[in-house]
Each structure stands twice: as structure tokens, then as C-alpha cells.
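So the structure is just underneath, and the comments pick up after that.
Chain IDs A, B, C, D and E follow the sequence of writing; residue 1 opens each chain.
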Amino acid sequence: MLKVHQIDVFYGNIQALKGVSLEVQEGEIVTLIGANGAGKSTLLKTLSGLLKPKKGTIQYLENSIAGKPAQSIVKAGISHVPEGRRVFANMTVEENLQLGAYLRKDLQGVKQDFERVYELFPRLLERKKQLSGTLSGGEQQMLAMGRAIMAKPKLLLLDEPSMGLAPLMVKTIFSIIEEINRAGTTILLVEQNAHMALSIANRAYVIETGSVVASGPAAELQASEQIKEAYLGGL
Amino acid sequence: MGSNPLLKVQSAGIQFGGLKAVWDFNMEIHQGELVGLIGPNGAGKTTCFNLLTGVYVPTEGDISLEGQRLNGLAPYQVTRKGISRTFQNIRLFNELSVLDNVKVAYHSLAKHSIVSSIFRLPSHFSGEKEMEEKSIEFLKIFQLEPYLYEKAKNLPYGMQRRLEIARALAAGPKLLLLDEPAAGMNPQETHELMELIAFVREKFNLTILLIEHDMKLVMGICERIYVLDHGQLIADGTPNEIRNNPKVIEAYLGEEAAESHAESSPN
Amino acid sequence: NETTGGSEGDTIKVGANLELSGAVASYGEGIKEGIDLAIEEINAAGGVDGKELEVVPVDNKSEGSEATNAAIKLVNQDKVTAIIGSATSGNTKAQTQIADEGKTILITPSGTADDLTLGTDGNVIDYVFRTSFIDSFQGKVAANFATELGIKNAAIYADNASDYAKGLAKSFKETFEAAGGKVVAEESYIADDTDFRSTLTNLKSAEPEFIFIPGYYEEVGLIVKQARELGIDVPLMGADGWDSPTLVELAGAENLNNTYITNHYSSGDPDETIQKFVEAFSKKYDGAKPDAFNALGYDSVYLLVDAMDRAGTTTDKEKIKDALAETKDLSLITGKITIDELHNPTKSATVLEYKDGEQVFKSKVNP
Amino acid sequence: MEWIQQLINGISLGSIYALIALGYTMVYGIIKLINFAHGDVFMIGAFVGFYAIAGWGLGFFPALLLAMAVCAVFGVLIERIAYKRLRNATRIAALITAIGVSLLIEYGFIYVRGAQAAAYPDVLANKKYDLFGIQVSSQSLLILVVSIVLMIILHFVVHRTKIGKAMRAVSHDMEAAQLMGINVNTTISATFAIGSALAGAAGVFFGVYYTKIEPLMGVIPGVKAFVAAVLGGIGIIPGAMVGGLVLGVVETIVSALGFSQWRDAAAFIILILILLFRPSGIFGKNAREKV
Amino acid sequence: MKKVKGFWIYVVLSVVIYGVVQLLINGGILNPFYANTLIFIGINIILAVSLHLVIGITGQFSIGHAGFLAVGAYISAIITMKFQLPFPLALLAGGIVAALAGLLVGIPSLRLKGDYLAIATLGFGEIIRIVFLNIDYVGGASGMQVTHLTTWTYTFICLFITITVITNFTNSRHGRACISVRENEIAADAMGINTTYYKVVAFALGSFFAGIAGGLFAHNFYIIQPGNFGFLKSFDILIFVVLGGLGSLSGSVIAAILLTVVSTFLQDYPETRMIIYSVVLVLVMLYRPQGLMGTREVTDLFGKWKGPKGGNSYGK
């Protein structure tokens, strides 16, 4: 479904990604782990069109999307939940969700998806009219995911959805990710909480200072001594 | 435990508009303790820190450090009394070098005046020299010495966190407040951080209060834990008491998490 | 050869230190247009003493400090024979000392402050002259006119940002009160204002029989219009600053009925030289009608050239300056000029009345 | 009686400020740029209307529409050429650029046309209503009504329509807005188009009401509109309206008390006082940074 | 010590520059026009550097600097013209009263941030101007005539003192405190910095030197009028600082020199002057939004010399 081939990405003169390649098959959960500053967020931003790769290709459903503007990538079915939630603080929960469906024309479908989001996150229904800036961290994270779902993506890019969340909330979020996946959305997940991520993912990539250093089925990586040593706290 | 607590908070609280963000908050921390503060998102943990450090003025209650009342003091005065902190979202002086970041924290310990600096009197040179030497010494402890002249914003995330802790320590606190120091770190990095916290506590004979969602860290190093929910304390006690407290499990940990923590597995 | 030739070459350099940008750019531009027209005519007629006049324009951004800089440059770099400028008294004051030290003639076309030609010691500055009459003269003329109309209670509404307007207001008040009149209200505005209604409402409630409004047409046009809108029907009077076809457009012809001005000249004056000037000006500037600034800029050049002719030199600045000081009965567009011992022109003033947008000659007042 | 007259004077003046401030606050609220060129777009609008009426003999409403259209295009061009590159630069760099653009428009226009003032033709019959000795002109009523209507429309556009939501999203977080599929460039252009069209309309109304127009006419109203926008709370549409009216009334009262030379000073003193007690303006939410 | 050596290089260099220019003036090689341009450049540098302390170092978005220039100009002019006291005293008094005005502005403005502070300072600047406009003692709108007393020597001494003091202040714990306020006020507060105090100090010190510049200005241009000190003048000073690079002292110095020269040069092209000026401004900002120098200093180009910064970038 998604095929990234040898991309290089720069911030000014600083190279953040060096020849990164990766693949995501339809229906999978693929996770991307790596230390701080390894380039995980950079990769997601490149996929969603916020950054343009200097070299390399990105194939998505037979189309090249490298360097396309973000809005046309969203239109093609890729939705990105950015690091740090980034909800529109001075707008209500409902308005945030409406913005998620910004490009959609099928009003009927949008209405159904509203219901679906409220079903997944009953909390959001309660807080429909609240300004999203006043939500708690966990609620904002739910909103960010709900907003992405509203775009009815085929591929969902999630950047550290568990960051800063209380344990109970982390659990909830991960089970919702699985649920969204079961309902047919392919997921590319970036996580620091590698244990959790690997336990729900089909496959995983490990990225280090801008390059992919390991990849394989999630279970295999979870078992690998090296990976444990470096990313799972040596346990 | 000694009789006189270092920090004493008596039914402190604050409202924002109609919202009672924290109320009837009581806490006692004794010299040398390492205490955790946990609770769901939006429970009011960071707000408590803001009350303790003078960012917010409590609308009710009392806060005192070594018997001295802190209510109404400005943040910089609180810092000079002996409480310093790190922030949930890193707040370094981005354009300043690593060294200068720490020097700023030494500011209030130096004595040379504006006049002596403008006229380059001897006291300026001796004062600056002392600040510089102390800061470098300090950064050595945190293994940041190789980056002395690097701008803070150019450091990798993990190092920025470390620099923030170093800077807070340079202000010479009796009580150090850490707000989610492990957020955004992977398990390996978190592990290193735990060791660092244990080390500085030993080295500087510190009292520490920390907020964290990583239960492995909290349960691993804290001696006592306070649990906040909806702005109110719902429990306090040792890690073991907390992890088995049904209220805490319901509000915060979740069933499985509690179980797995019991086995001290890091999920 | 621009920088070294100076006035010794084939051309006579005349500096124009003017407000070509900034707050009062339109005054500076007006003067510049007048200067350009005069120089074009003179050169077309063979120049002065066989030499062409060349204008060196410098923009002082309507700022005193820039005017100083510009004057220093004109005197020391361009080595001009004379400087024409600036439009306002303040910017002129910023260069009188420089002109004097650099022994370069300075003629201000429209700087009207009474003491402009005087140094800080109170003595007249040798090299400084002007083309316009001074504030106190015009104020006097207006006050006498009001008295003649039988006015007892007058109000004054002056531009507080301009010493011209303040000077006029002061001499109007002195003369008017000396003649037994009473000034029942004094208000002021600031150049560039556009809304005068609240002050006018105040003036109205003082119930004056006559309002003296020294200022420039850009604001006065609006003041007249707004005053009439608020139901102020008494006679209004102003001075040369009113004179511009734009005033009629701004105020509206009807609103201008029952208003009077004192002026240097009238573009509607049937006098032949004046009509020739108006025609030439219109031709050069796409049909525009010359206002007082245009005329004064134009006259300043002729005033200078006349002195050169009489001095018989285009280079000896000292002689030219002496000749300037002796100017007598020189017929210019803005009147017949004689330069007095304070380097001010004595010339007659005209009182005009607006009737349906046209200036109608009312009376002529000699100094 | 006289006081009522003065109040009316103040409201008429204030509605002009409000009209300019509406467009100002819109652009300001969305890209956080103090667009000093806004006052100059206002000037261009006034001149387009002038040429349309005096030159081509158009009526008031066609001229108004034309001025709005020209200004919309002009505003978009300014944004594309001068501001777009600076979206990620510091605010102050963008501010200096805006000052540069403002000077460029003013002096470019003077270069082409000259600095002299022009008088607006009488296109709108100005009826005077005399209510118990208080003079109200139909034009000032019209301006007040127009600014209120525009305020309501704008408020509706920004809060209810899709493009309005996109604008608010962009104002809060440009990157996240892109991830919603919002075309940030189009949205910002739309903002500039609407804001500049409003400035253009204000220019034509100003011309009709005050008669005098000249190339530097935008400078002072531009600053005043900025003050009004800040007074009301940056980016808040009803705030701009109220800010403009407050400013107009304050200025009028000060003049009425016989301190006309202190009028601008008084406006600024009021501004500073209000900011001291409400640091984010009358309607501004006290957006203190959350620690 | 390296630092001390750097300082002496700076002092010697300054003396040499001063001496050479003075000789050229005495020898008539620099005619009054050039000499006056140099004085004007000097005044503008003082203004730029003083605002640099407020905006570039302390991060307080102040756009009413011309107000303090006005205070210095009028106070010093009153002292020399009305009281016939000596010029140096007038300069000092102008500086001190301007600093007091700075305190007056600084204290209430502390509650405000960013654009709100900007508009408030703009307002203060305008209020100051309008106050002078309404005082007949200083000539009201028509202004006040002032004797010409400013010389290259006075200008240079003031310039030297300004740069030295501001550099010394910046490179000390106090300057760092100001920078920390700029970088992150909340964190600075939490590190024990009295942020209010340092903001006020920066305002007062910046205003003091703007006041000194005002004294030089008044006694160089024969006449001062309130109109000289409007917000457009404040913008001019702001432009020096931003164009040079926010936070770079040598940047503001260079920008002040450059723009003054450009502006003087353009006097000869009145019709296109402001057009060229604004195009230059826009182009520089578009292609170098961080300003000519960014946050670097000229001294950085010569390696890690940590002496008083700005020495080498000194005015002509």
C-alpha cells in the first residue's frame, strides 16, 4: 500500500533522514521505534506532505506522493495525527471533528463517522461543546485521533499517541488503535512505548539517526536481545 | 522521619474562573525524601507545582518551606528560598549556550552589581570567573562538558532534559521539583534518567518531588507517592500501598496495569 | 561634471531643499512644480547671462534634521548659488544658519514665521530671504476686514501643528481685540485630522458671528464642509493657505458661500501675466490650476533671477544677495514685491470672497 | 443636547475606525501579522472608487464593488509577494517587511500620481436629519449600519462557514491545519482578500464621508485601526467594532472638552489603561501562557 | 588575560578611528557635509544600540523609542538654550530624564507582552510627542531653535561610552539575565531572576542612551520640533535593529551605518528615494529575515574572541 524508497530529508542543511526505505501492506499495523531525534516524526511528516524529500520516492496505492502538498495527500486517504496532539485549542470539540472531515463531500458518510467517533470516544460526546484547549491531555489525544478518523483515512499515521498519558489512558488509546485497525484502517505507528507498540503491531522498523537499522515481524524484534538492550530498557 | 517537614502544604487550592483546579491539598515532605505525585491527565499535578513555585498564587491555604511562608512570593523569590523546578514542556534558554544556561541559574548567588559590570571593576571579573568555574564544574557532573558552547536548542532531546535538571540544580535548591522528566523518552533512556536522579539526590543531599506517568520509574525510585484526581488527593503512601489502592487503580492505573506492576513488569 | 563644476560652469545651480516626501510632501511638490516651470521658461528664453539654470532638488522628508543635512549638502557638495526652500518655517529654520555660514542665498517661498529671517541674536541674516508675506501681516488684514463687516464676536479655529496658522491667529486676535472685537472661542486642530465635528460643535455653542480659520486648504476644505453640515452658517475667513482649486472640491461650492480669504493672488485674477502663468502651468501639468505654493515657488525663481540681472553676475553670491535686499517694485505673480530691511517682501494682499465656488475680488489691502 | 450631538459625532468617527479595524483584525488574527500596509490598501480602495466615480462615471455601488474587488486582488498579491516567504520567520521580521510594503505602496503611488489631495465627488446624497437640534447625516448613519452589518457577516463567515473554520484552524496551527486537508495558501489568500476588500470598502466610504483623499491618507487611520483592533482584543471581530467605536467616542469627547490637541494622546492613554487592566483587550481572553 | 587584551585592542582602535577622522576634518579633507554625515551616523548608531538592548537583548517589543529621543533632545536643549549651562551637562541631563521616562514606560508596560506591549510603547512615544507639542515653553509645534554644539568629538565620546557600557552590561550576569528573559521569561523567573527588575533596567538604560542621542541630535540640527519624533522615527530605529539582526550589537551598528549612508545618498533622487529605500528594506527582509548578521557578532568572525563585543564593528 505504501512504499518508501531511499528518501533523504533535510532541515536546512541538517540531514534528518538518510536513504530511508520502508513498506506498509494494507491492513497492517506497522510500528516505528527509535531513540529521541532518530527521525521518526520527520518520516511521518514527509509522508503526510509537511516536508518534502530531497531524494527518493514514495509510492502510495500506485501513485507517487513525494513532494505533493499536504492537502492532496489527505485527500488520497492518508491521515496524520501529529506529535503533541495539536488540537485547535480555541475551537470546540465538535468543530475540531468537523475540520477533520474538511475535504469530504459525502455528508451522509460524515454523519455516520461522527457517530462512530463518539462511539469510540464517549468522552468526546460529553464534551462536544467544550473548547478543546481546556481538555485534559488524554482527552486531547482522543480528539486528535477522532479528528483523523473523520478524514476517513485508508492509512493512519500516529506519532507517539501515548506520550504524557496516564497508564490507564495509554491502555485505552492502544485498544482503540487496534479497534480502528480491525475496522479496516492501515496504521503506521511511531512510539516510545516500544513494548506496547510491538505487542499490537504486525511488523516493526527500528530507526537510528536517520536510517533504518532493523526491521521484521514485531514479535521477532521484541525478542531480539539487541533491541531489548537498546530500546526496551535492557529487560 | 524528623518532626519538622521541609515542605508543608496545608489545604492549598486554586480556582480558574469557576474551575477548582486543585483544592484542599495537603502535603508534607521531609528533608532527603524522594516523593512522587501522580494522577490522571488534568488532575492538577502541574498546577500543584505552579502553586509551590509561585507561578500561581493559591486562592486558599498555606505553603511553607522550612517554616517560612511562601504564599504570595514571586517565582524568583521562591527559587531563592530554595525550591527550583523543571517544566513539563522543556523551557531552556534556546539561544544561549549550555554553559550560559547554567550561569543564569547561578545568577542570584553572585554578588557583583550592574555598576561593577559596566565599569569592569575587579568584583565583576572575580564574580564572573567564579560563576563560570562553578558552572563548568557542574556541567561535568552531568556529562555535558563537551557541549559547553553549543546552543541549548541544538542539543538532542534527552540532553535537553538533562540540561534542564542541571540548570534547576545550579540554582541551589533544597527541594527539587521535576515535572514528567521521562516524557518522550524510550525505556532505555528512562532507565538512564532514573539512575541520574538517584545520583544527584545522593550527591547534593536533595529532597525531590516528581510528577511522572511512567509507573516503572515512579514505583522504582519513589519512597512515597501522592495521588491526585480531579484536583484532590485521593491517596498517599508507599508504592506498594498505592499500587494496591482500589481508588488509585480505578482512577489511574487500571486493572491490568496494577497487576503487571505488582510483578514489576514495565507495561 | 556635477560635483566640482559648481556655479562656475555653464549652468547656474539652484538647490531646492523641499518636502518631497513625508507629512507635508504636497507643499514641497507644489513648490517644486512652480520652480520647474519658471526654470523651463527662463532657460527657453536663453537663460541668465547666457547660462542655463539647473535645479538640484533634495528631499528633506518633511523633517528638520533632514533639511539640515540637505542644506549642508547643497552648500558644500553641490556648491549651489542659492537654495529655494523649504516649504515650512520649521524646516527653513533648520538651514538658515548653514546658508549664512556657507554664504549661500536661501529663499523660502512659503516660510511665513515672522522671525524666520532673523538669527538667534535678533539681527537679520544676510543671506536669508522670502517670497511670501509674513504671518502678522495677513492676520492683521483679516482682522480689519472682520471689523469692517461689523463683527463683534469672532472665534478662531487654527491649525496647531503649523506656526503659520498660529502666527496668523495671534495677530488676528491682537488686531481684532484692539479694534474692540471679542474673541469668544479659540480652538485648534492638528494637520492631517479629518474629523472636526466635535470641535466645531463646541465652536457652534459659543455662538460666534464669524470664524477665522487660518490653515491649509486640505483641512480647511473639510472644516468648511463639516461646519456647514453642523449648521454653522456664519461667515468664515481664512488666508492664503486656503487658495487651491481643491478647496472648492473638498468643501463644496455651496458651502463656501459666505467665506473670505486674504491672498497673494488669485488664479482667477484677469491680470494678463497671471493668466499667462495659469495657462502655462495648466499646459505643463495636465490642466491643473496653480495654487499658492505653485505660484510662490515660481516667483522665488524670478525673484532670484531678477537679483542676478541687477547684480550683473551669476556667480558672485555676495553681490546677488545685496541686489536681492534692494529688490523694489518687482512684479511677480503673487504681487508687486519690495524687499524690506528685514528681508521680508512688502506686497499687497487681496481679499477675496467665494461665490458659488469662484473667487470674487473684494478688496486690496496695502501694507 | 450638545452632548448627544458629540456622542453622535463620536460614533460616526468610530464607525470609520471600526470599518478599517474589521479587516485589520481579521488578517491580524489569522496570520498574526501587524499588516501596516492595511492602511495603504484602504487608500488604494479610496482612489479606485474615486477614479471609478470621477473618471468613468460609475455610480456609488458599482464603484464600491470595484474598489473592493481591486483591493482584494491587491491584498492577495501583497501577501503572495511579500509575506508568504516570511511565514516561518520571526514576527518582527514580518512587521518590518510590512512597514516596507507600506512605504512602497505610498511612495510608488505618489510617484505615479503625485502627492496632492483629491476631492471625492458627491455621489451619495447626504441628507441631514435635524432631530431636536441634533444633526445626523444620512451618510454617517449609513456607515454605522454598514459596519455593523459587515461585522455580523464577518462573524458569521468566520464562525459558521467552512472557510471560516479553516481560517481559524490556520490561525491556531498552520501545520495541523494542513493535515486536515486545508490548503493553507488558499485560506490565507482568502483572508487577505476579505480583509483587503473590507479596507477597500472603508476607503470608499471614507472618501464619500470626508471628501479628501490623498496618498498618505492611510497612515493615521491605519494606526488608529490597529489601536482599535488591539483595544477590542486581537482577532476578535466584535472587538474591532467596539474598539473602533470606543476610540471614536473618546477622541470626540476629548475634543469636545476643549483639549483637541490632546486627542490622540488621550486615545493612547485610554488604550494603555485598558491594556493594564485587561492585558488582552476588552474582549480578549486572558491567554496567559499555561506553564 | 585574553579578555583584557581584547578590550585594549578595542580602545586603541577606537582612538585611532577618532583621531584619523578628526585630522581629516581639521585638514579640510572631509568637508562639512561628510563630517555632518558622520555625526548623523554616530547618533543613529547610539539609537540603534540603545534599542538593541531593549528588543534584541531583553526581547521587549518596544516601538516607541523616538519618544525617549525626544525627551533627551528637549531636555538638553532647555538646559543649553534656556539656562545657558554647558553642553556636556545638557547631554547628561537629557539622558537621565529620558531614563526616568523609560522607567515610567517600563513599569506599567511590564504586564504586557508581544504586540500588546508594542502598541503600548508606540502609544507612549506618541504621548511624549504630543506633550511637547502642547508645551509653549519649548515652542509647541513650531519647535525650538537650538545652537549648533554637536561636534565629531562629542559624538564619538558618546558613541564610545554607549557601546562600551552596553557591551559590558550584556556580557555580564546582568546581561545574561536580560537574555534569559527574552528566551523564556517563565524559566528565567523559575531560575531566580527578577524578571521585572531586569526589564525595567533594560528600558531605563536603553532610554538613557536614546536621551543622550537626543542631546546630540538637538544640537546638531539647529531646530527640534515634535514632528521629528513621531512613530515613523521610531520605526527607523527599529529597522536598524531588525535589519542588523535581532540580538546582534554589531548588526545594529552596521545597519545604522548602512541605512544612514543609503538614505543620505538617496537625497539626490527625491522622486524615487522612498521607493528605493522600501524596496531595499523588503528585499533584505525577504532574503535575510534573520537580518544581516543574524544573532552573530562581527567579533565571532574572528574566532572565539570573547572580549567586549562590537569593538571591531565600530563606526567609521
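Here is the rule we use: contacts are C-beta pairs under 8 Å (C-beta built on N, C-alpha and C of every residue); 3 or more make two chains touch, one makes a residue touch a chain.
What you are looking at is a predicted structure, and each value in this text was computed from that prediction instead of being measured.
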item	value
Chain separated most widely from chain B, comparing mean CA positions	C
Far-end chain from chain A, centres as C-alpha averages	C
Distance between the centres, which are taken as Cα means, of chain E and chain A, whole angstrom	51
CA centroid of chain D to CA centroid of chain E, Å	32
Computed distance of Cα centres, chain D from chain C, in Å	36
Chain C: positions in contact with at least two other chains	21, 23, 160, 190
Multi-partner residues of chain B (each touching 2 or more other chains)	55, 87
Chain E to chain D touching residues, read off their complex	55, 61, 108, 111-116, 118-120, 122-124, 126-127, 130-131, 133-134, 186, 231, 235, 238-239, 242-243, 246, 271-275, 277-279, 281-282, 285-286, 289-291
Interfacial residue positions of chain A with respect to chain D in the complex	48-50, 69-71, 74-75, 79-80, 82, 86-91, 95, 98-100, 102-103, 147, 151
Touching residues on chain C, where the partner in the complex is chain D	21, 23, 25-26, 29-30, 160, 187-190, 192, 194-195, 197-199, 201-202, 205, 218, 221-222, 225, 229-231, 246, 249-252
Chain B to chain A touching residues, read off their complex	38-43, 88, 156-158, 180, 183-191, 213, 215-216, 251-254, 256-257, 266-267
Touch list for chain C against partner chain E, complex	18, 20-23, 56-60, 62-66, 68-70, 72-73, 75-77, 89-90, 93-98, 113, 120, 160-163, 166, 190
